[in-house]
Amino acid sequence: MKREVRRKWAGFLFVLPGLLSYLIWTLYPIIKSFLMSLYKWNINPRIPNEFVGLSNYVKLFHDDKFYTALINTLKYVIVTVPGQMIIGLLIAVLLTRGLKGQTFFRLLYYLPVITSWVVVSVLFQYLFATRGGLVNYLLKDLLHLINRDIRWLAQENTAMIPIYVLGIWKGIGWSMLIFLAGLQGIPKQLYEAARIDGANGWMLLRKITIPMLRPVIAFQTVMLTIGGFNVFLSVYVITGGGPRNSTQVLSSYMFKEAFDYFHFGYGAAIAVIFFLIVFTIAQIQRKLFKREIY
Amino acid sequence: MKKIFLVLALMVVVVAVFGVEEITFWHTYSTNSGEYKLLTEKIIPEFEKLHPDIKVVETQVNYDDMRQRLIVSTATGELADVIRMDIIWVPQFGDIEVLLPLNKAFPNEFNKLKDQFLPGPLSTCYWNGNYYGLPLDTNTRVLLWNKKLFEEAGLDGPPETMEEFVNDIKLLTKDKDGDGQTDQWGYADYGLGPWNSIPWIYSFGGYILDPTNSKAEGYVNSDESIKALETFKDLYYDGYIADTVVGGGGIGTFEGYAEDVYAMIIAGPWSWPIIKGQYPDAEINFALFPAGKGGSKSVVGGEDIVISAFSEHKEAAWEFAKYMTSYEVQKAFVEVSQMPVRKDLVEDPIIQNHPYFHTFMKQLETAVARSPHPGWNQINDIMDLAWQNAIVADYNPDFALWEAAMDIEEVLSEFE
Amino acid sequence: MKKKIMDLIIYTLLFIGAIIMCFPFYYMVVTSLKESAYIFTVPPQMIPKPATFENYKTVWVEADFKLYFLNSLKITLPAVLLNVFLSSLTAYGFARFKFPGKELWFSVLIATLAVPGLLLIIPQFDMIRKVPFFMDNPLTIVLTSGIGGIAFNAFFLRGFFESIPRELEEAAELDGCGIFKTYWHIAMPLARPALATLVIMSFLGVWDDYFWPSLILRDKRDWTLPIGILGFRAQHGVQWHLLFAGTIIAILPVLIIYFMFQKYFVKAVAEGGLKI
């Protein structure tokens, strides 16, 4: 009994410093942001803020640009999350065949992950330039797949492509590493037994690898979805949301309203709705995966 | 001699009794520029010699970060005493009472100083009855024309009228290697926002807002404004204007100009050092923007020097602001390629003998400031979208601008 | 024989993939070795001719990157230690003990993983500036980075601590080992792979952080590498050759940290059994 009490207190003490710093540095700012969304909030502290109740939210639900940004963000998530995971899994599977130079390849594929977003965004903007850009140079002059330069960033229907490609390119390494870890956890005997039963590579992948990786897939889906919703710097640097808002995503729209137009209350309202959406999706994903696992 | 000694002694006493007042100064001069060297090695030390009781602490901020820094610092009352601020932000920060209205804080001195400045740059400090700063430096965009390409096309000089301009743009667009793709364009710019479109709109005789900055309808969609957009759209659709205007990336305007890809571009005075830095042998020719029904009009850029309303050293800050806009300092900055804002420097030999400032100073006489309005950022984006709608999405120009008029009216009503 | 062909195909695939993944870096290195006049040639120059290390010298000496480099190190190392220590305490607490409200708190932690950090900056800055000691003080960055990301880290480590067999710790406790000692001497060494992984992630976050330090550290002498790098993006143009040289300098330590700890990386995730 005494031990129980002691352990209860010990546990509490263990989490206290972390929890306290979390409360001060994350939860309090979140609550403050929520309060901001109820005001016509002025950044100058000497001007009193005008309480406007839910009118920022009312405005939001009638704002076409908000819906455009929401749809663009969802598209980004739908394209890049499976994109990263499928390619990441493929590389991970190839890398677990025990070939020489595994570590070397692992490092190369991981390089984009450890480079800052600002730098790679600037780089991609240059790679996808219409004239003199490497992508067009490759497609047109070297591979002859197209006979006219594609105006990647200037057209509404192509402007999102460089941003998708960057998102996938930068995330493959992370996904690959997590899958590598997951693959190590699968007992070799399973494969051997299946092979004896005459299963081919594809069947092994479908019947053993993927089911065994389910927890890892679940983890990645939730994490990458959250990450995808937060896409910001690539849009901000490469297209600034244009042409004609065709690449505007939630975070860049929020940033614009708050920091460019000084509509801080409105920006906070976008953030709150944004948070609720991501939270809900993450919860649904967790539920779905749990049900499948157990 | 004795007198000077006495004054110095008095100053020492004053400093000893009252201590040195420290003022902070944020600016965006990049650290490897001549302006920065001049500021830190000469201008500030000389100011401190003149005012031994004031010490200036300068901080360099990247242009891209200045805005965020100003916003966060506003939220926390941590602003610098003196700031060199992009002209288009001044009304916005003035409107939220972050900047000191100089005409109220120092009425006598301000009214005396006011008339020394060129009217275009001065107007950028004004919003709602107050002046929130002094102009510090200015610039505008003029036409750069490539002499070699002009000669190849049999043209002997830059266009002076709109008709010539449109004509020359067409003549100067070519497919040189015959692969069916254009590889030389008559005109290039890097965007469709007001910074890019104002020279067209205003030279055609159009407007964005009325002269009092309180009405858009009938101005932004006036016949002349529509005509400007229509002309630009037709040129772009027929392939005479490079893709860079719609943000397609591609070879930059400066590089393209130097490499004989773009026959004409429009650019500010910084184009000279940037182009010369990369292409020391490039020949650069400046000309006024072609005149249409509205004359030859371009857009005003530059910075104002402002004082924080939170400052606890307003007097010292004011001394520094006045010093930065004084004849000597403005003249010294001309040597490192900062264009002056004072009327008494326009005719000065230092401008007249400068390798390229005179075209810019001439253009400045008629250049238009982007409407000094706290909602300018929104207006800017609305205009940008309207031009994109017409040019990228093939909207009818008069419909695109009518839509813009409605949206701008809504922004204007936010500030009533 | 069949296996050999298979291997060859796989190698080829891996190589093509690696080229795609690394080409942008190659391009960055190439540009950092170019003289400024050769940056914008069409078609792009793939091998710098003439190649020069002058840019690195300029960046290191004239642009003060030596100083920024040291500043970055001085901030990042203690911040990473603090961050990892604090996260491990929290995670261990959640993994091994029962206390009132435990699962509720943990759910709150997880729920807020989705919050966009951008909008928290104003309230956060508002707190910092109220204490003048924190302004212009590198220590502030150490502390704020040290306590940042606790939610994700705790979540990441918890699973790992839970996967360690309880018996070891129980045995230690029976031997009279205190609770903290058990954590420090038994659990922590066993958690080494996960901690190493956390070091990499935490290092990356602090080392690359730009916006926050640039708000707090206004004195040039306190600047860190990312602030220095973006300084090459001036108002009217970018000095690509210097920007990329600066970037390469900034990437090197990350590579070293990655090399040092990468062998744990996969192991950590494998054994942690990531559960959501």
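All chains are identified by letter, namely A, B and C, in their written order; residue positions are counted from 1 within each chain.
Basically, contacts are C-beta pairs under 8 Å (C-beta built on N, C-alpha and C of every residue); 3 or more make two chains touch, one makes a residue touch a chain.
None of these values were measured; they are calculated from a predicted model.
Between the chain pairs A-C and A-B, more C-beta pairs are in contact across A-C. Chain centres were defined as the mean of their Cα atoms; on that basis the chain farthest from chain A turns out to be B.
Note: centroid distance chain A to chain B, computed from Cα atoms, is 38 Å. Between the Cα centres of chain A and chain C there is a gap of 17 Å.
Shared contact sites, meaning residues of chain B that touch two or more other chains, fall at 68, 75-77, 251.
The multi-chain contact residues of chain A, meaning those touching 2 or more other chains, are 43, 131-132. Multi-chain contact residues of chain C (touching two or more other chains) are listed as 40, 42, 122, 230.
Against chain C, the residues of chain A that register as touching in their complex are 6-19, 21-22, 24-30, 32-33, 43, 91, 94-95, 97, 99, 103, 105-112, 114-116, 118-120, 122-124, 127, 131-132, 134, 137, 141, 169, 172-173, 177-178, 180-182, 184-185, 215-216, 218-219, 222, 226, 229-230, 232, 251, 254-255, 258, 264, 267-268, 271, 274-275, 278-279, 282, 285-286, 289. For chain B in complex with chain C, the touching residues are 28, 30-33, 59-60, 62-65, 68-69, 72, 75-78, 251-252, 254-255, 259, 268, 270, 274, 277-280. Contact residues on chain B toward chain A in their complex (touch as defined above): 67-68, 71, 74-77, 92, 96-98, 181, 243-244, 246-251, 375, 377-378, 381, 384-385, 388-389, 392-393. The touching residues of chain C, counted against chain B in their complex, run 36-37, 39-40, 42, 62-63, 121-122, 125-126, 129, 135, 211, 214-215, 218-220, 230-231, 233-237.
Those residues of chain C lying in contact with chain A across their complex are 7, 10-11, 13-14, 17-18, 20-22, 24-25, 27-28, 40, 42-44, 86-87, 89-90, 92-94, 96-100, 102, 105, 108-109, 111-120, 122-124, 127, 144, 147-148, 150-151, 154, 179-180, 183, 204, 208, 210, 226, 229-230, 238, 243, 247, 250-251, 254-255, 258-259, 262-263, 265-276.
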